[in-house]
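We just call them A, B, C, D and E in the order they show up, numbering each chain from 1.
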Amino acid sequence: MLTFAILLPFAGAALLASAPLSAGQSRLAAILVAALSLGALCVVWAGFIPGAGFQAVQEAPWIPPLGVAWRVGVDGISLPLALMSGLLFVAAIAWPMEREVNARAYYAWFLFLEGASLGLFLTLDLLIFYVFFDLSLVGMYFLIGRWGHGDAPRAALKFFLYTLAGSLLILLALIALVLSVDPLSFDMRDMIALQPVAGMDLRAGLILLGFVLGFAIKTPLFPLHTWLPPAHVDAPGPASAILAGVLLKMGTYGLVRIPMQMLRETFATYALALGVVALASILWGSIVAFAQDNIKRRIAYTSVNHMGYAVLGIAVAGSAVTGQEAARDLALNGAVIEMVAHGLITGALFLIAGSIWARTGTYEIDSYGGLAGRAPRLMGAMGLASFASLGLPGLAGFVAEVQIFVGAFAVWPWLAAIALLGLIVTAALFLGMLQRVFLGERPPALDGFADLTRTEFGVLAVLLGLVVLIGVWPAWLIDMIALGGG
Amino acid sequence: MIAATLYLLLALPPLVWAAAVFDRIGTGRGALLAGPLRNGAALLLRPVAPTEAPDRLNRLLAPGWYLALALVGLSVVPLAPGLVASDLSTGLVLWGACEALTVVVVFLHGWSPNAPFPLLGAYRYVAIALPAMLLSMFVLIGAALPAQSLSVGAVVEAQREVWNLVRQPLGLPLFMALGLALTLRGPFDYAGGAELAGGTSAEESGPALAAWRLARAAMLVAFSAMAATAFLGGYLGPVLPGPLWLLLKTLAVMAATVAAGRFFARMPPARMLTLLWVVLLPLSFANLALVGIEVLP
Amino acid sequence: MPLADLGPEIALIAGALAALLMAMALPQPRLGLCLWPALAALAVAGTWAVAQADAARLTFSGVWALDGATLWARILIVTATALCLILAPRWFATDRRHGEFYALTLFSALGAIAMAAAADLLQLVMAVLLSSVTGYVLAAFHRDWALSVEAGMKYFLIGALANALLVIGAILVMGMAGTSDYAALARTDLGQPLALAGLALIVAGLAFKLGAVPGHAWMPDVAEGAPVPAAAFLTVVPKIGAALALFRLVQLFPEVEMLRPLIAALSVATMTLGNLAALWQDDLRRLLGWSSVSQSGYALMAVAVADLAPDALPALLWFLAAYALANVTGFAVVAQLRGRTALADYHGLIAARPGLAAALIVALLSLTGIPPLIGFTGKLELFVATLDGGYGWLALAAVANTVLSLGYYLRVIGPVCFAAPEGPPPACLSRAAGAVALGSGAAVVGIGLFAGPFLARAAGAVVLP
Amino acid sequence: MTLVSVLIVAAALIGIGLYGALSQQSFVMLMMGLELMLNGAILAIVGFWAFSLGGAPEGQLLAIIVMAVMAVEMAVGFALVVAVYRKRQADMTESLTELRH
Amino acid sequence: MTEIAMPLVLVLLAVAFAWGLQRLGPEAGATWPHRAPFLGGGVPQTHAWQRWHARYYPMTLLFIAFEMEMMFMYPWAVVYIETGTKALAEMGMFLGILSVGILYGWREGVFRWQ
């Protein structure tokens, strides 16, 4: 079933690339494929037993001499992320294209990207993980470069270069990790069970450094985040939504899956350093976001901030080999929920930003104002998403951040205290943006500004509905993650 | 060794004279026997005509080199068992080197006066002589096969049973082509032909010309001696002493070579080149194969 | 005499002669038919090589190693040569006489195979010579085009010097060690400075064939100036032979301490230089040439850890296979587009010629090492071997270089996909060239996806002695 | 006469040749330098053959091979020089300026 | 050593002899018209070397191929009988391949240079 969910989008992409479909037909086909894929994931979810380790496992050999095989399976961490990605892809594909050029290729690349993203979350093989990690770069590169605006090729190039550097570091670290077991095996379960480099100081440290650097670029963490703003600003709205909602999660997911689980001991040694970097990201992301006058750039920087929370949670969770178990589980729980929530919220925010751009062609906050009258539905959606993002209780962001902070206070209280500053700044920047865009004088140029269409509103309703659902009733998600019981 | 050298040096002048005499037979150019000497003396008394901006050193040295090559080539020929001026185990290779250097020397000779006809003669000579060299070496290798040695002495000794002329009937005729080319005569005389007003020696006069002609005749002697040794059994022969046999055979080959030079018609260089490469060279391969099959036990 | 051991090579010679004889008989417009005997010979050679797959012995008095490395070299070289040759008939259609192109290429391929199989210094010298002299002619094959002649001349000048160094090196090693046979050399102690200097000279000479520092300068010139089929051939085939020859050499002297660091240093220098130079190119062929230089640097990584890591040989073989396929694809696309080289000519190619553009993109991404293309498995193996052999810093340098290289590959891919097309769609060369481009492009993807069995075979390869 | 003395002469030849090959501008002179290097190489191999290889056939063979290397490379080289000359009317390395960087 | 000495002596002898011979004649006081090359009265601007070129480069390449072949043939001839039929076959192959070169050269017209 999982293999089906991964390969179906690839097949769909191949179909779209070769079959002569019209723009509308290709959109329909793409939505259908994405929905089917999501449906397959839901089937797995239906049979999922929380806390019972890896499930729905499938294996097939790929490169036997290296011990590489097609291995898929889910646990409480990957399933929510995969579900969220599946959903977000349906949303992004259903979202109308900003510029109607070459729709067939556009949807093909989206499906390609979906296959890569799902594959990354669902695989249990380190090398396949890496393969999908790189494939996601390729997909995103073409989406940004071809359908972006502004200096899109340049932004795409920067994105590709940065993240490839990161992914290659991960590859080296992976190989170094795998080489320490005999015979070679890229099976994640083996690695988690064996903890292969435990006790090797220098080598383990270097391997950890490779992983952390690689994932930090992808996440992105301060100071390796500089590729993110141009990529977001120049990408088309749906691609931004995927970039922020899904691709960034790859970094944090990888951080959890590989360094934290496979290098437990080493990770614990250096967890504090990672926590400090996460803190820097939180603060830097929020403060710089506050200074931005470009809607998309502002949202992009809040991603740096939010991913900082997630990494903080992970750092806390991996901070010690023994002791403070409850707090650490809480923090990890929070981190996973943060990933899911951030995916939904930021996905929605970027989609909205895309719709604004589609109407006026600019992201400058100063060129907007008083849109509340013209576009109430837009304002509602944006408001809800913004509040969720700044962590208003009752919404998904709050659930996540509360757990992270509680966990962090138990382990490193001073660090958590400083990190709280970030929350305040975030609140300020979102409120400021809402106020400047929707309230005040409306420039005459915006008189013809249309509200959200029904499609757009429907998509946003699903995403934001989930945000609210997680906010008011998070138990189902926490159950699914099931760290305490696992 | 030294004795052999002295014999050679003593025998060379009469032989050179004989070569000049052979060249005169049937041409009606004055006295047959005394003519060459008279001509030579006359040339020696004339002044050497200089040309504009020549390569003086090479011009002066070219006849010397030519003569030297003839002498060195001659020196590997055994006069009798054990009587050889330079007793090399690789005598045939040295002979081959002399052949090849002859091309260079003739080219130098044509090049040094800085005049069109000699230069053209030199170019044409190189083009024709190169395949002729190849040809001769294949033939000589054929002669060396039964001897299992590159020493000229061994080649002679291997002919005690039967001469190479019999073993490889094609060998001597093909080798004669080389002789004609080496001594700038007959159908291969592209370096000194009459239509180029004398070719490489068009600008020569006086003692220089005399030296060049002398060297050319010496080369004919050397070639004939080599041919006699490689194909006609050299000093081998009944009754008479070895050196005498060699002398007789050499004279015979000389006469044959001169006659062949007269007999065969000249062709345009391109056709001659094609003939050499496409007909004669493959013939030499065939000759080699023939010997190869014959000598295998 | 085990003549059958050299069956594939003899087939190549026979094919070359047949092509030459055919070239003699055919009128100018039909000279392209000489392709067929050449292809037939390559097919025979390939099949024969596969039939000898399990052999592992020294043959012909120990000068020829018939082992896994030779097998792979034969297969790779034969395949690459065939692909390059298919481009030729139409490319040279206007050339007055090009019948000998096929024969020369086959001889050059023979030289490359002999290089890879050499188990004796003398044979190595001969093989390098054969591969070189034919290469010079191939590079300058467009006699009437200044660029081609110039490329040939530069190739020759560098090559003659490098070959002289190689010869001197071989003499020094042989003189000091007293033997030229690899099996015997392996037993000698190569401690004297003179012998070590000789070894270094041999490495320098082979670096020329490989296109690595210090003998790399010809590569971009040849890639740009040589006729495209010849450029594809010369950037790929000699490299395969030289890399394996170097591999054998390094493996031969495990106790010579300077050799590995030397090769590792050359490797880093080569890849860095190649990549840095490629960054500024505005000419696709020259860019491919510099990228070939950098790829030589990667290949040297595996050479540096020969014998240290069990995976070194499969890594090298597989990397070479990946490189060969991708590079030939790139040049096939250039050929199919009638040799247009300026990057500006490629703007918006994806709209005008989607298939070719896709092949080009796939080839370039494979050269970078993006999964799941064949280049990825190649690089993966390289990294595994290098890390396993304890040369972590080398792997790190390679990573940095890979990122660097992506920069210029994207400089091609970007305009191909994102820029607006200029002018009418480009003219194509021939259906055969298009088939080569598309076919090898598909192979870059396909073999990359199903690399398992191939890699398993490569992992079983042995190197003698 | 010892091996060392032969090698010194060979090294001198190689050195002079290398200098010529690297410093000369004219193709022909450059090739002369290369030839000189190879001549030094032949001298070295003959020295090795006589003094340290004990007259092993490989030594002779290598000498022959080096001669072949010389001849064949120079043949091709001069053909290229002629081609360049026809194209450019120049026989100096400076004339090769089209392909750069 | 001594075997090679005699040819050297002979070379010296011959060169010295020819040199001396050319010194015999009287000094020529040639005038300029006497020295000028045959040009129907014209004055050459360049060296003869620069006005005429050998045109048979391809043929010389072919020659070099055979000349190299020759070099391998010397040792072959010495061991021919010992090695037997194999040697014949090898040389046959060698020559056969080179002969194809001749044929090709012939077809390409390398023997026509004027």
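Basically, a residue touches a chain if its C-beta (ideal position, glycine included) is under 8 Å from a C-beta of that chain, and two chains touch if they have at least 3 such contacts.
By chain, with names taken from UniProt: A = NADH-quinone oxidoreductase subunit M; B = NADH-quinone oxidoreductase subunit H; C = NADH-quinone oxidoreductase subunit N; D = NADH-quinone oxidoreductase subunit K; E = NADH-quinone oxidoreductase subunit.
Keep in mind it's a predicted model, so treat the numbers as computed, not measured.
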Chain D and chain B - chains in contact with each: E
Least hop count linking chain A to chain E through chains in contact: 2
Chain with minimal offset from the mean of all protein Cα atoms: C
Interface with more contacting C-beta pairs, comparing C-E to D-E: D-E
Farthest-lying chain, centroid of Cα atoms versus that of chain E: A
Distance-maximising chain from chain B - centres being C-alpha averages: A
Chain centre separation in whole Å, for chain E relative to chain D (CA means): 21
Distance from the mean Cα position of chain D to that of chain C, given in whole angstrom: 26
CA centroid of chain A to CA centroid of chain B, Å: 92
Inter-chain centre distance, chain B versus chain E - centres from mean C-alpha coordinates, in Å: 14
Where chain C touches two or more other chains at once, by residue number: none
Residues of chain D whose C-beta touches two or more other chains: 68, 72, 76, 79
Numbers and ranges of chain E residues touching at least 2 other chains: 60, 67, 103
Interchain contacts (touch definition) - all pairs: A-C, B-E, C-D, C-E, D-E
Of all residues in chain D, those that touch chain C in their complex: 14, 17, 21, 27, 30-31, 34, 37-38, 40-41, 44-45, 47-48, 52-53, 56, 58-59, 61-62, 65-66, 68-69, 72-73, 76-77, 79-81, 83-84, 87-88, 93, 96, 98-99, 101
Parts of chain E lying in touch with chain B, wherever the complex brings them together: 2-4, 6-7, 9-11, 13-19, 21-30, 34-39, 44, 47-49, 51-52, 54, 56, 59-60, 62-63, 66-67, 70, 73-74, 77-82, 84-85, 87-88, 91-92, 95, 99, 102-103, 105-106, 111-114
List of chain A residues in touch with chain C within their complex: 61-66, 68, 127, 130-131, 134-135, 137-138, 141-142, 145-146, 152-153, 156-157, 160-161, 164-165, 168-169, 171-172, 175-176, 178-179, 184, 206
Residue ranges of chain C in contact with chain E within the complex: 1, 13, 17, 20-21, 23-24, 97, 100
Residue ranges of chain C touching chain D (in the complex, touch as defined): 121-122, 125-126, 129, 132-133, 136-137, 140, 143-144, 146-147, 149-154, 156-157, 159-161, 163-164, 167-168, 170-172, 174-176, 178-180, 220-221, 224-225, 277, 280-281, 286
